[in-house]
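What follows is a set of structures to go through.
Both complexes below contain chain A, partnered by chain B and then by chain C.
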Partner chain A sequence: MTAALDSPTGILRDAPPTSIGRQALGQLVGKRISLASLIVVSFYVLVGLLSFTPFVKDRIDQSYSLDNAYAPPALRQTLADGSKTISPAVWFGLDFEGRSVFWRAAYGTRMALLIMVCTCAISISIGAVLGLIAGYFGGWVDDLITWLYSTVSSIPWLLLVIALAYVIQNIQMVNARPAPSWIAEFFGGSTTVILALGLTDWVGLCRLIRGEVIKLRDLDFIVACRAMGLSEGRILLRHILPNTMHIILITFSLSSVAYVQVETVLAFLGLGITSKPSWGRMIDDSKLELLRGVWWELAAATVAILVLSLALNILGDALRDALDPKLHGVK
Partner chain B sequence: MPTPLLELRNLSIAFDTERGQIRPVQGVSLSIFPGQTLAVVGESGCGKSVTALSILRLIPGPPGRVLGGEVLFEGRDLLALSEKQMRAVRGKDIAMIFQEPMTSLNPVFTVGEQIVEAVQLHQNVGTREAYQIAEQAMHDVGIADPAKRVHEYPHRLSGGMRQRVMIAMALSCQPKLLIADEPTTALDVTIQAQILELLRKLQEERGMAVMLITHDLGVVAENADAVAVMYASKIVEYAAVNDLFDSPKHPYTEGLFRAIPRLGRAGGRLQAIAGTVPNPRRFPAGCKFHPRCPRMSGDALCAQKEPELREIAPGHWAACHHIENFGQKPITPPTSDAIRAKAEART
Partner chain C sequence: MLAYIVRKLLLSIPILLGIVTLTFVLFCVVAPDPARVYAGKFKSEAQLQALRHQLGTDVPKSRQFWNILTFHFANSSRYQEPVWHLFLRKAPISLAIQIPAFFIELGLQLALALLVASRRGTILDYGITFLAVLGMSVPVISLYLGTQWIFGGWLQWFPVAGWSPGFFYALHFAALPIIVSVIGGIGGGVRFYRTVTLEEINSDYVRTARAKGVSARDTLFTHVFGNVLIPVLTNTVVVLPLLFTGSLILERLFQIPGFGALLFDSIHAQDQPVVMFIVYVTSILYLFMLIVTDVLYTLVDPRVTLK
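Right, the complex of A and B next:
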């Protein structure tokens, strides 16, 4: 008889309650479009992780063409003895040095993931911490932080990013002790982009969280927490922060995509990643070759960015709905 | 004479706002004895909630601050404790439940997690044991099937259920005093009765003292041992519940009783207390109740001198200049014209 109580979302009204994470996952998988975006994002993550292996790294600078010329996308590669073999290296065509667009795009996924995760880690930590402190404690702390982010946001973002990127590049150049080689290898020259973006793009999140915290801090359940004897730090971290999680998630899904796009702009300006291939650098490389009808390098990078952006946007939206317990059981 | 569990002595609170100072609590003194229920009654804005919050030192400051007075809990002055010592008192010795059960629970955690947090904060128990205590507490407040309900999020519970959860959370650490700030105002009448009944039952079982803040005199009659009536930041009458209901001494208390509808008494309009609650920024001089008072005499005493709280009968205090005259002359509530005339005469 309990089956009759089955709610539209597939969660039994009277079923033993499950953890919030499991419920959220159930909801994500339950909707076709969010499931699709989840699969796409997982695919990108998988490709990006695989690109950390030497297998991909060895192939990004290798020439696959006998005459170093452009070759359009093809299924099979012609070898030196004239025989043909199926090889993914030529599926997306070859670039002006005969390098594989396929493998370079795969490596670009790794760069994109690195930029998205590391930049968000920096910008979200700064924005969330400052927003929480400003909103919760108010007074002169709030004034100071508000002044700080108003000042930062009064400077056009791209200009600030470019200026900061130059400064960071300079510091890296004059630094007597270069970073250990494994760090350089891991980040593949993306540290400038990560720092420049992460240190400048926290204002929006800070502002949103500050507002949300101001709304939350006088609610009864926070007063109840205090009446229960909880310390201020614990109230802030255990009760207020989780209530701002939806803002952080949305910001993550939206701004991580923006970071990949801005990387393209920086690459165009010569401030992006130079030592290793990234989508931005691929687009930058291909801008002159369009005249010769070489479209595949541009197309590979652009489509990669487009599909990832779309999937992350949809996923972020679905995630917000799924993680909000107030919406559970509501159709 | 037993020693009081909680004693407020001459407590005064001020809020410094941009438009001047507000004093929502002025010289309030009261005591609560172990196992006793003290009801604090008054209109909205008379200072009852601020008094309750100031016991736990939860007045947001700034703008709020304590001007003077003492809050003695088992002989210790809570106002002199450090913030850390105070946190050990909150929840463990004195717990509080609030008016709005809908917003008193954190929406992103299950009720079990929230009760367990309160339990583990003050008792040195493991998570499994804390959950057992939580389930027992939920069982004690009459929630059916606590083993399952403990994993529910607050939005899946009704208002009455949430208030029960709040009570379970407040009582999970066996506090000696429970401050209930209008615990039934936001609930249906039938649920109100259940919650009050539950509070009384739990109080009897545990010998806990309760400070019940309400504006509902019916609730007072059912639950309280002693009553403090507050008007405009001050206690105007303070008595055992029977004394107060049998012979109210202050004209404000009188007015409150006349404004209660009674079953079985048909016809006629209820008598409201004329006029409105004074603005705390501009309290009237003298007795704060005098512009609305039916006993207001022509001798200008009421308009000039604020009456002190005096012991009229053993254990019965009231603050009025004209208590002796009461009962000798008929009480006629002033008309609105008379009030306007008085107000104009003052300005």
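Right, the complex of A and C next:
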């Protein structure tokens, strides 16, 4: 009897289950420009991951110059014995201490990746949890959370980030107790940036998820879950959260662009990454180098940020078109 | 209408209290003792106490909360003068840059958006939209540094940096900052207003207007433009307080002694009263402008009902 249902020609087999990730991927690969930006982003992720290895770390502080620190971009490096060899270290020129702009830019990719992932982890967890709770339970919890995000969104975002970074940096300065060495090594002084961004940028996501959950919570399938006696936690995590996944994905790709950009502002204010090279620090360093006509460090960091932002912007818009039928952007 | 405004104002009181609480928690509870941060490690307890008195942090926390709520701020530790005086001295300089930049930027954004939306799908549309996205993706600091180096340092069309009172001097020094600030901010607006314009162009009322014989130009400038102004309103009114604060990066790089540069210097000099003042006052003004936007919205868009 059950054989009829299990047969390959049965109706039940016709539609293979598709996850939201697979749908998104299918849509993205379909269009040439979004496929191109997906490849660019993957390339950045690859470079960033490779820069976690000691191979790159050993090269960021090393001096490659023999006599002049500000060597312009060149294909071949002059070694101590006067011979020349092809070395990527000098491809983007050297900075004011004779350090390789190429390797520092590569290491900056690692920092950007770290900031994007860690910040999104913080902001998405806060935004998703508060949004789910507010939307699902309603009542005074909703009022409280709505008040909280209305307050935070009434402060201009950049100003709030700067204020928070300022306070966090002062705390770190007064508390002389240093962090464990592996944390310092891994984060390279980016904790101020990550916390300042992550603790302030959950507002938009929280508002979107709350709105979506309010729409979802009275739909039949949730009522059915409740009738079957599933616990609130299970309903929220297994049945409502997956239906808000598209919002989280879109937010992740669009807001990570902003994080890289704000990192440059914080670096400029002296509130950014302290101990390791990042794109923001490279731009900050270049303001003195420009006086001597040394443009390559600025150019390297700018192009790195520009290409990544462009790709992530296109990817985010494509994701929004692919995943959110209600937000039909006019093209 | 009056009842609506009053209700809006009353509803914003919890948010106002929220802003005060957030400022208080951030600067008076979480932040370390500002006297210690400002003075450094090697001061005696008596010196620290004197500094605390000066910074107003030697009074109970409840009193500090009240001081923030009633706009009583300690004197700037760096300038030794009331923060309000600093505000009145610095804000006009920021405005001299920000107001022209704001209006030029808005005008260009609207003009370009209407232009590309009415020529949708052409090379012009793709070109300008691409440039707009490109402009949004360039880090602003790189843009400022790059233009300063090219036009100030290399071509020497403008002074690299500096400031001097007097209208013509100010114009001399402000020209480049205004231009780069317009270039830096124009992209996002062009892209957003283009989308808005396209949505309006595809509406039924536009088809009706065209059908009854209104020319394409008149439809665009009277019917479409009027409706595009509604999202423009929400986008621009809220940023008006940010004109006072100026751009801290721009003013720092071009050596303009405005309010933005003051924030920059205060962060570097650990001048907590000034940092707190700027964050708090800007947030209050921002909140006020959000309310103004809501009220204006009901005035320009009859579809929005007063609830």
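Convention: the second predicted complex is superposed on the first by the 280 of 331 C-alpha atoms of A that agree within 3 Å, B and C clash if a C-alpha of one lies under 4 Å from a C-alpha of the other, contacts with A are read in each partner's own complex, and residues count from 1 in each chain.
The rule we apply is simple: a contact is a pair of C-beta atoms (placed from the backbone, for glycine too) under 8 Å apart; a residue touches a chain by one contact, two chains touch by 3 or more.
Remember, predicted model here, so these are calculated numbers, not experimental data.
Within the superposed three-chain model, A:L160 lies in touch with chain C and out of touch with chain B [touch as defined at top].
Looking at the shared chain after the overlay, A:F221 reaches chain B, while chain C stays out of its contact range. Applying the stated contact rule after C-alpha superposition, one finds that A:P242 touches chain B and leaves chain C untouched. Of the two partner chains, chain B is the only one that A:L230 touches; chain C does not reach it. Contact with chain C, but none with chain B, is seen for A:L290 once the two complexes are overlaid on the shared chain.
Once the two structures are superposed, chain B and chain C can be ranked by residues of chain A touched, with C on top.
Look at A:A74: by the touch rule set out above, it reaches neither chain B nor chain C.
In the superposition on chain A, A:V129 makes contact with neither chain B nor chain C. Within chain A, the residues touched by chain B in the first complex and by chain C in the second are 329. Within the complex formed with chain A, the chain C residues making contact are 14-15, 18-19, 21-22, 26-27, 30-34, 36-37, 133-134, 136-142, 145-146, 148-149, 153, 195, 198-199, 202, 242, 245, 248-249, 252-253, 263-264, 267-268, 270, 275, 278-279, 282-283, 286-287, 290.
Of all the residues in chain B, the ones that touch chain A in their complex are 56, 58, 60, 62, 87-92, 95-96, 98-100, 103-110, 117-118, 121-122, 148, 151-153, 155-156, 166, 169.
Here chain A touches chain B in the complex through residues 16-17, 20, 139, 218-221, 223-231, 238-239, 242-243, 245, 325-326, 328-329, going by the rule given at the top.
Within the complex formed with chain C, the residues of chain A that make contact are 147-148, 150-152, 154-156, 159-160, 162-164, 166-167, 170-171, 173-175, 257, 261, 264-265, 268-271, 279, 283-284, 286-287, 290-291, 295, 298, 301-302, 305-306, 309-310, 313-314, 329-330.
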